[in-house]
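Shared chain: subunit A. Partners: subunit B in the first complex, subunit C in the second.
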Partner chain A sequence: MIGKLRYALMFLVCLTGCTQQVMPWERGFLAKPQMQLDTDPERSKIMKHTFSSKEAATGGYGVGGGGCGCN
Partner chain B sequence: MAVIKRNKSALTSLSLAALALPGVMASAADSDQYSVDTLFSRYSESHNRMKVDAYQASAYLPLTDTLNFRVNGVKDVVTGASPVTYYPDAGKAKMIMSGASIADVRDAVDISASYTNNLGQFGVDVGRSSENDYNSSFFNIDSKFDFNQKNTTLALGYGFASDNVWAIDHCPPHCEGMVGNEGKYRRSGVGGDKQNHQGLIGITQLLDKHSFVQANLTYSYSGGYLSDPYKAVYAPWVTEPYPNYADSGFMHDTRPGEKHQIAFLTRYVRHFSNLNSAALHLDYRYYADTWNIGAHTFELSWNQPIVDHWSITPKFRYYSQNAAEFYQPYYTSQRTDGFYSSDYRLARFGSVSGGVQIEKQFFSKLSVGFAIDFYKRDYSYSINGGAGSSVDNFTFSILSANINYKF
Partner chain C sequence: MQAKQFKLFVLFVLSFYSAISSALEVGASLPNCHLKKMADGSELNLQATGKVLYVDFWASWCGPCAQSLPFLEAVNEEFKNKNFEVIAVNLDEVREDADAFLKQHPVKLTTAVNADGQCPEVFGVQAMPSSYIIDRKGKVRHIQLGFNLSEKAELKQKIEKILAE
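After this line comes the complex of A and B, so read on.
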């Protein structure tokens, strides 16, 4: 698990090295609703809750509690 | 007047575009407008198993330019049946279901506040979730810092949850040893407290004026009672009768009291000007824990604006995991570590799911949407290894409808 963690950290560090500088006035497309990471937060919440109660994997999207005794 | 209003709206949009880094805004609703979001969803499993009706509502309250609040509420109404355990029958696992006895209601509420200043964005979220047999209290703090002329955002987060879990039985039918005490009662010998700590570090990076990428790393530690109080395992060496079933050869689900988890998520979002401003979303998550479960999740969605404020979003998801090191559908001999679980969620399996969402916006204030999603779990879909069984194959569907209003 530590080895995989190292690759993940290396990826995070390299992320900023292969990009173009985007000026504030060039961000019109990036600010559109369909370009948000969660275009529909309520629906996204229920889907993540469902997947995490039926699968072992969880996490990655943020920190948050509110677990359930889902069967 | 209408022209002035339209110009003001355009100016607001332009300002948001200039100031906001994608992914930093929690949602499109996080602007200077009050808003209310509501969602109803119906979850239905195959083979007449679980059904869940979920009612969600959320209110967004921007108090000032720098301070806003959000209140979220959820009510889940759960009915149906769930697998309890398995036993060998001619070399194959045979499932024992709980019977259609599950009837539970989950209520959850959380309140969050977010403050923005020159240094960054700081948020706190506090909440509680309660059921017949499960309580969870939690809080989360998160912060976001822009640098590199707002082309890069660093996110840091911490979350803590304190949970209590137990099992509820009903009399009848499980009235062994009980006299004059009909109704619900708490099963003895199972359940307990557990705590969870989570940490997050993430980077969102603009790639060009049409695309950006996000990479998040989360670490989670859970300690305490991590077993499922309703699940049993087939253990032929056990001679005492299993509670409520008066049958020997079964014992309680028994898992380690600690679990460390990591998840590494990468998300890529790209805008297509020549396709009516469509957006492609690609996610990949790698997950690993100290119970030796590893999992891969791929997600893809395409958000396509059509005409007259209609949009359609098809989605696809693939998931694969291997089994926990102590998982077996049933046991024929004792383990030296003393851990046993036949919970189908710890087995080797894969799943494919997909759906479509349709959204219509009216007057830039009201938004109405509908979505349908299908999920199919199958033992043979896994690209990972370990024990598992096709007896756990199942499907589910989720129908959902939402109404969002901005004031």
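After this line comes the complex of A and C, so read on.
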């Protein structure tokens, strides 16, 4: 039992690494364009618009509506 | 035995949270901070200036900082003869980023870096940019978190009021 508890404690101690707070002044690297999930928001907006028109679906991006894609 | 181990573990985990810094408050004394001027690398002592200081923490990646620096430049030019100085402390992780930014947005005001990285923690910077107006007695009189162009007039009024004391 104590052995299992020891492993559980070791596992939980590893999780404390997740509690590290990124301070406001430490976000320089996170703010770089290559760190963004979407590197080209303009292009991706157009692609989504085209996709929704061609497929008659919104593509599951959480945006309502479909439409003809003509506007 | 297990209860004791558990208590020890809880204390151990909580010790990680104790490292989180507390923010400076209005009325507090100006903390000691190790700064060097970006222009020539000379030491910059905030304690011994005898001026009203506007200490601004900025970084090249911070959008509102690019808006605040021209305002601070203008304020510095306007009030520098009244014992007022803006000190713009750069917090970039890479010095070259700051230099490139200043090439694009040149300013005449005093820019500084904090080589040991303790300064923002000592001040308890909570947002970028964060600014602290320090009066002649070395007391924090106003803390500005973030920057909005609509707050320019209000900030200028606060500076004028402290300068008039």
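FYI, the second predicted complex is superposed on the first by the 36 of 71 C-alpha atoms of A that agree within 3 Å, B and C clash if a C-alpha of one lies under 4 Å from a C-alpha of the other, contacts with A are read in each partner's own complex, and residues count from 1 in each chain.
In the analysis below, a contact is a pair of C-beta atoms (placed from the backbone, for glycine too) under 8 Å apart; a residue touches a chain by one contact, two chains touch by 3 or more.
Owing to the predicted nature of the structure, the values given are computational and were not obtained by experimental measurement.
A.B. asks: Would you sort A:K32 into first (subunit B), second (subunit C), both or neither based on which partner it touches?
C.D. replies: A:K32 contacts both subunit B and subunit C.
A.B. asks: One more residue to check, A:E55. First (subunit B), second (subunit C), both or neither?
C.D. replies: first
A.B. asks: Considering only the touch criterion stated at the top, classify A:P24 as touching first (subunit B), second (subunit C), both, or neither.
C.D. replies: both
A.B. asks: A:P41 in the overlay: touching subunit B, subunit C, both, or neither? Say first, second, both or neither.
C.D. replies: In the superposition, A:P41 touches subunit B alone.
A.B. asks: Which partner, subunit B or subunit C, touches the larger number of subunit A residues?
C.D. replies: Residues of subunit A touched, subunit B against subunit C: more for B.
A.B. asks: Shared contact residues on subunit A, subunit B side and subunit C side combined as an intersection?
C.D. replies: 1, 5, 9, 12, 16, 19-21, 23-29, 31-32
A.B. asks: What residues of subunit C sit close enough to touch subunit A in their complex?
C.D. replies: For this pair, the touching residues of subunit C are 1-2, 5, 9, 12-13, 16-17, 20, 57, 59-62, 91-94, 97, 120-121, 125-128, 130.
A.B. asks: Touching residues of subunit A toward subunit B in the complex: what are they?
C.D. replies: Against subunit B, subunit A makes touches at 1, 4-5, 8-9, 11-12, 15-16, 18-43, 45-47, 50-51, 54-71.
A.B. asks: Flag every residue of subunit B that touches subunit A in the complex, lowest number first.
C.D. replies: Of all residues in subunit B, those touching subunit A are 13-14, 16-23, 25-29, 37-39, 41, 43, 50, 54, 56, 58, 76, 78, 82, 98, 102, 104, 106, 108, 110, 125, 127, 129, 131, 133-134, 136-140, 142, 148-152, 157-161, 163, 165, 196, 198-201, 203, 205-210, 212-218, 220, 228, 230, 260-267, 269, 271, 273, 277-279, 281, 285-291, 293, 295, 297, 303, 305, 311, 313, 319, 321, 324, 345-346, 351, 357, 359, 369, 371, 373, 375, 377, 396, 398, 400, 402, 404.
A.B. asks: Hey, which residues of subunit A end up touching subunit C in the complex?
C.D. replies: So the residues of subunit A in touch with subunit C come to 1-2, 5, 9, 12-13, 16, 19-21, 23-29, 31-32.
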